[in-house]
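Data first, discussion second: the structure below is written as structure tokens.
A, B, C, D, E and F are the chain letters, set down in written order, and residue numbers restart from 1 in every chain.
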Amino acid sequence: MATVSLISDADASKEVVEVFDDIRAMRGSDFINNFWRALAHDPTLLRATWERLKLVMGDGALDPLTKEMIYIAVSVANACEYCTHSHTAAARAKGMSNEMHGELLAVIGMAGQTNALATALQVPVDEAFQA
Amino acid sequence: MATVSLISDADASKEVVEVFDDIRAMRGSDFINNFWRALAHDPTLLRATWERLKLVMGDGALDPLTKEMIYIAVSVANACEYCTHSHTAAARAKGMSNEMHGELLAVIGMAGQTNALATALQVPVDEAFQA
Amino acid sequence: MATVSLISDADASKEVVEVFDDIRAMRGSDFINNFWRALAHDPTLLRATWERLKLVMGDGALDPLTKEMIYIAVSVANACEYCTHSHTAAARAKGMSNEMHGELLAVIGMAGQTNALATALQVPVDEAFQA
Amino acid sequence: MATVSLISDADASKEVVEVFDDIRAMRGSDFINNFWRALAHDPTLLRATWERLKLVMGDGALDPLTKEMIYIAVSVANACEYCTHSHTAAARAKGMSNEMHGELLAVIGMAGQTNALATALQVPVDEAFQA
Amino acid sequence: MATVSLISDADASKEVVEVFDDIRAMRGSDFINNFWRALAHDPTLLRATWERLKLVMGDGALDPLTKEMIYIAVSVANACEYCTHSHTAAARAKGMSNEMHGELLAVIGMAGQTNALATALQVPVDEAFQA
Amino acid sequence: MATVSLISDADASKEVVEVFDDIRAMRGSDFINNFWRALAHDPTLLRATWERLKLVMGDGALDPLTKEMIYIAVSVANACEYCTHSHTAAARAKGMSNEMHGELLAVIGMAGQTNALATALQVPVDEAFQA
């Protein structure tokens, strides 16, 4: 259960329908996942989040699959159950192989470990790392 | 300051020297950063961490630069100051351009935002995302 | 499922009943939510937590609704599923409108984003911000 | 030190200057804090972040001071040193009294405590809290 | 549901069976919990994680029960639902009494509270604490 | 720098002096660390925090040193710089040896790693772990 109801297509306002239509067009699929249906209670927040996501996750100096794996890494560290699921599914859809997933997990686990060690030791930042 | 002293080359035990030598050989540089000098109080932990890091961060289905950017993403979400610095420096050394860094930041920021929204809304995971 | 059983009214010790009675009196409702029923395994911890919560969440320089929204913000950032639900319900009961909820979400999301950016950039604190 | 250099007014591109000018105009002050100077390496990210922040933090169903206190709460839970400083300074500038600050701290501390307890106990969400 | 399927004994590769057999032997039980069945998609990661866990959690300067309680503390702070459950069960199996569990919760809750306060106040580290 | 000034003995109100005196008596030392000096801006919060800490951290089913190590574990996972330092110093004062510190670090690091893996895999909780 969510802290709000999920907005169905039937209940969607004109402003929400416009965003849903754009999501569908961009993805070439009729499926609108629950995140957008929950966010649709605030059409302004829905639109702002979607418009920004489109820009950020598109192709650029980093390819979309790399971006999805970075997104998974943040979502895991933030313990976001929904985002871990949705972005793992998105990464698979964009071509993440089992081998890539295994290495992604290994890096995330390694970072979780050394982050904890560096914080526990309060290691001072080396001058060599200064920008 | 750290919660332990930093082990200098002069103070390093034989077991620590072996690990330091391997770090130097792998990196083709004499520089040993503070993380390893702090960890060196426990030679077993030092060795286990270094041996694992070597394996995990090497080339594979994901390239080393992609792995460094994933490492940065986790380190930022875990608010690890040292790791954010050290892995940003490592990513640059492996070829991360300003454009890549900017996009990495944008994805990390976007994930921080939607992680918070999905958690605040407690969005139920869509069946379509099930493995 | 919890990591402990939930203490029913029938199973509650005299000390637990006293706290439950006080919760009921304060809230003008018979309902005791699961948090207190789980915590009741340790009557001392139950009482200390409840007594402190009463004091902290009461009216003062900040009104109770503002305090509930701050509580939600922390709970979301800590990825606490239970607390996000319970304090969202509490905030609604204290008058949080849909508009207020939407703006609360927008601020929480924005903070999640800029927290990540500031940490990724390791921005040094401006002197102007010093107390 | 930051992971990037801080862009001075002299080094700012035309696009960055436009954003800096807008920040100055909005705040009625010449001061540009380090967050924006670090972010200015990516003018697109700088502009998107600033434009969104302006919208989100303005007056609405919640007043700007309440929003700053919510921002502090998230920043603390995310252990963001910079953001804790900058938004505490902003909240004071918008009228946060010592009494309000004390109560804000008490709520943040209380939430930190019960978040931990609820997660440790894995308390199941009550049906009464369902939206 | 997991982001991967759970590997049953029937589907396990020879390499996975070896690790499962070692887990069973070490624990004197036929039961393999879901964590290992999910991790088994990457036999190398499975083996590395299990081998390390065996070493770290064994008897030493700290006894295995103390280590389990420390593990619970980290898992709670990281909001890891699975780990909170599995290590609470493990601590009980190693002799954690109700009184010990209550005190563990009290310490975890107290730390959650003062961590938040110290971060909100950005308290400078005392020289007396320097290593 | 802190987000508030640190209250010196000379500036302490009568209520604050009483708490400081109790801290000194309990510890058998004149030293008041910065956490309490920052918290002293709100004498009620200062007293409530100190009184609770005294109770929670005293001897019981768990000994004070074990409690300090659990406190460190939470503080590290919450990335609290101040608390990591202060509780590492406190654990040393209560007898934590280098070997114990090394094993504490190893457990904290291991938990950081498997927390990340379990969250990334979204492993469902085994029925066997149910209370």
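The working rule: a residue touches a chain if its C-beta (ideal position, glycine included) is under 8 Å from a C-beta of that chain, and two chains touch if they have at least 3 such contacts.
None of these values were measured; they are calculated from a predicted model.
J.: List every chain that touches both chain B and chain E.
T.: Expected: A, C, D, F.
J.: Which chain has its C-alpha centre farthest away from the C-alpha centre of chain F?
T.: A
J.: Report the inter-centroid distance (CA atoms only) between chain A and chain C in whole Å.
T.: For chain A versus chain C, the centre distance works out to 26 Å.
J.: As a quick test, compute the distance in whole Å between the mean CA positions of chain C and chain F.
T.: The separation of the two C-alpha centroids amounts to 21 Å.
J.: Give, as an integer number of Å, the spacing between the C-alpha centres of chain F and chain A.
T.: The mean C-alpha positions of chain A and chain F differ by 34 Å.
J.: What are the residues of chain E that contact at least two other chains?
T.: In chain E, residues 1-4, 45, 49, 52, 74, 76-81, 84-85, 88-89, 102, 104-106, 108-117, 119-122, 125 touch at least two other chains, as defined above.
J.: Mind pulling up the chain A residues that touch chain F in the complex?
T.: Those in contact with chain F are residues 72, 76-77, 79, 81, 84-85, 88, 104-105, 108-117, 119-122.
J.: Which bits of chain B are touching chain D when the two form their complex?
T.: By the definition above, chain B touches chain D via 79, 84-85, 88-89, 98, 101-102, 105-106, 109, 116.
J.: Any idea which chain B residues touch chain E in the complex?
T.: It comes out as residues 1-5, 48, 52, 55, 125, 130-131.
J.: Show which residues of chain A lie in contact with chain C when the two form their complex.
T.: Those in contact with chain C are residues 1, 3-4, 41-42, 44-45, 49, 74, 78-80.
J.: Residues of chain B touching chain A in their complex?
T.: Residues 1-4, 6, 31, 33-35, 38-39, 45, 49, 52-53, 56-57, 60-62, 66-67, 69-71, 73-78, 80-83, 85-86, 88-89, 97, 99-100, 102-104, 106-108, 110-126, 128-129 of chain B touch chain A in their complex.
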